[in-house]
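Can you read through this structure? Questions will come right after.
Order of writing sets the labels: A, B, C and D. Residues in every chain begin at 1.
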Amino acid sequence: MTDGDEPPPTRRRGLRTGRLEAFSDGVFAIAITLLVLDIAVPRGPQPHLLRTVAGLWPAYLAYVVSFATIGAVWLGHNAITDYLDRTDTTFIRLNLLLLLFVAFLPFPTRLFADYIGENRPERVAATIYGIILLLTLTLLWTLWRYAVREGLVRPDADDEEVELLTQRLTPGLGGYLVLIVAGLFAPVIAVIGYLAVALFYILPVRRRWYTVPRARRGRAARGRAGRS
Amino acid sequence: MTDGDEPPPTRRRGLRTGRLEAFSDGVFAIAITLLVLDIAVPRGPQPHLLRTVAGLWPAYLAYVVSFATIGAVWLGHNAITDYLDRTDTTFIRLNLLLLLFVAFLPFPTRLFADYIGENRPERVAATIYGIILLLTLTLLWTLWRYAVREGLVRPDADDEEVELLTQRLTPGLGGYLVLIVAGLFAPVIAVIGYLAVALFYILPVRRRWYTVPRARRGRAARGRAGRS
Amino acid sequence: MTDGDEPPPTRRRGLRTGRLEAFSDGVFAIAITLLVLDIAVPRGPQPHLLRTVAGLWPAYLAYVVSFATIGAVWLGHNAITDYLDRTDTTFIRLNLLLLLFVAFLPFPTRLFADYIGENRPERVAATIYGIILLLTLTLLWTLWRYAVREGLVRPDADDEEVELLTQRLTPGLGGYLVLIVAGLFAPVIAVIGYLAVALFYILPVRRRWYTVPRARRGRAARGRAGRS
Amino acid sequence: MTDGDEPPPTRRRGLRTGRLEAFSDGVFAIAITLLVLDIAVPRGPQPHLLRTVAGLWPAYLAYVVSFATIGAVWLGHNAITDYLDRTDTTFIRLNLLLLLFVAFLPFPTRLFADYIGENRPERVAATIYGIILLLTLTLLWTLWRYAVREGLVRPDADDEEVELLTQRLTPGLGGYLVLIVAGLFAPVIAVIGYLAVALFYILPVRRRWYTVPRARRGRAARGRAGRS
């Protein structure tokens, strides 16, 4: 009888969070793919096309940084919904707010791609870019904090794992602020810093997230063994 | 034997409404993400980029309003399909018509973003924007009314819940007409009104929709208890 | 034992056709949503915005026609994959070819939207538009014919239903050719004809497709009753 | 008890690779559909529209080549995830890198579409195009090699099948390098060669991938028979 309670919430969860995930995945996938539209060869004949294309390096850099950032947010979002037992009103509202920023990212990316090389505008573009990236990652962190506080996380999730994910999602506010200020003086270096932050999210974080389930699987196996 | 009847319709429903939901989610996600393409820095060198970017506020406002509206329609669509037992010809046709308006929203959004600040055009743009938003929400309401009238709603859905959703989806026709008329005199205020309507849809509505299932879960649990 | 054979093919089918459907749905949803990008207000100040926006009617007409056509193809694709038991190499290749034309549709749509009103170009645009629409619907029909001939259709599908779907998907080659020729003299009338064809696909076809399953459900119920 | 171990990994796999597949499918579908935006009629009145549209043949060629290449990569990705038992950190990172190149493809496609016909630029455009295509296919191959080496492949996958897929995904590095060099002299011929490579991926490869499961199904049937 105790076990009989488990399936229905799972099904309900699938029903509820299924479309949330599908819709969010759609927005992530589209935003990440629209970034390429920010890379454009200037109009008119280009006798030295190779030089022109090479001169677009700020656009490629911005493409890679935004791609890595959206990829990192997607991975984080993935990890969060993996731990969710259910969602509530505020969670869905926060999720929409996060998507509003994710879907907005192509704009500051284009801004940065277009104005690098022009002295004053490039500082403005890099600063705006940094602020939007910071807000996006902060919202992701808020989403997770909210889920933990409101008890939306699966009851069988390990406290240690939850704590680990919290640490990993903490956007390193201080580091970001340093980069944003640095962007006023050396915009390109700041943007490379943003790339480093995104890669930091992508790389070591997942090593933990995706090895963790083994423990959970072990526990589940024990549970099954105990029942039979 | 009585219970044996349940699984097949569920599976059939999944087959039938599964792709309807997937396709609709795709259109919602793409339309909401394409909105960012309506925000564009004017061509040419921008020595005062910060001022230029700040001057784009109508584009940001239009982005937020359209994002909130599509988000609200997506939530409403979600709630509707949640209650569906099956779909029929007319429902799918109405759904396509709704998507036609949702996918069209980036156009009036761009119109509003581009013409705010020019005296006569801004009134035209705000009025067109309001009419399209009104038509979109009216279609969502029509979709739900049709589903209720034709008995497409799940038989186990509570009459009270159905009534509640009907109330919430009623687009406040009167309020909208007031805003559209107001848009002829104060376009920006009208658009802020549209944002308020979208937030009204997003915020309190979900509080009810997403607490409702508890009752249903309770009933399901009782059912299970009764059987064993 | 006889019944035991059924579940595995279903699962395998889900595995195989699941991503085919997801990918196809994605392309349909994106192509249908990108159509809005073909509607554009001419650059420069527009003191008479209402007149300008009203003057864009060919763009709206093209939007509705292409939306209805892609919607019709999606419904047809839906009906086809519903009847599929499995896919094979050639089916997937044909499906990619169909998607190539579906994803291409925004181009002739824009062509038509841009050149209506200019005497000679509008004839060219309407003719190209008609040919692409015809090719798209012919490919959909080919996909279904191929599935039927190669025995990819579910064994439990009724011969009558299969025949009905074949009839409905037959693109009325003759009627289309008449419209394409008519497009050389009266482009707008031809395009309204294309809309009529798309609506013909959307409207009465589904009435049959979506009432058919009742028979199938009935049979399934009988099967279940017989077993117990 | 031995059989009882099977379902949980399957469920876990669905959880883990489900969103990876959904997100990847989204990026593939969007990138393949955005290609149409690279086809554009030049601004200004076009009294000889038919000639203008016919003159866009490099854009159509580039559309077909990129569509076929993304289609081929999608099919290959499909085959890879079909064999996956689980994913790990590096696999997901490599997958994101692959998607970064897939999502980038519309840019070199536009480059090629725009600069064919101008003597020097067309060589540059064709070479860049070839290099990006080569990198994309190499990454797909790397993804598969990594999965095999790290034992992410399902234990029940046939060694022969795995070997076969490896051979098929090997991008024919030599042939590609020949085409890239050829592109310096005859860009259009090189691009037709890229199309041939993509079609080679699409056509005979699937014939094997999609006949293979029969063997697997046979084995599964035997397994079931043995149990009862």
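Side notes on the structure shown:
The criterion applied here is as follows: a residue touches a chain if its C-beta (ideal position, glycine included) is under 8 Å from a C-beta of that chain, and two chains touch if they have at least 3 such contacts.
These figures come from a predicted structure and were not determined experimentally.
Among the remaining chains, A is positioned farthest from subunit C, on the basis of C-alpha centroids. Residue numbering shows that subunit B and subunit C use the same positions for less than half of their mutual interface.
Subunit C and subunit D have Cα centroids lying 25 Å from one another. Between subunit A and subunit C, the centres computed from C-alpha atoms are 35 Å apart.
In subunit A, the residues that reach two or more other chains under the touch definition are 22, 26, 30, 34, 37. Those residues of subunit C whose C-beta lies close enough to touch subunit B in the complex are 21-22, 25-26, 28-30, 32-37, 39, 41, 45-50, 53, 63-64, 67-68, 71, 74-75, 78, 82, 202-203, 206-207, 210-211, 213, 217, 220-221, 224, 228.
On subunit B, the positions that touch subunit C within their shared complex are 1, 4-5, 8-9, 12, 15-16, 19, 22-23, 26-27, 30-31, 34, 37, 87-89, 92-93, 96, 99-100, 103-107, 110-111, 114-115, 118, 120-121, 124-125, 128.
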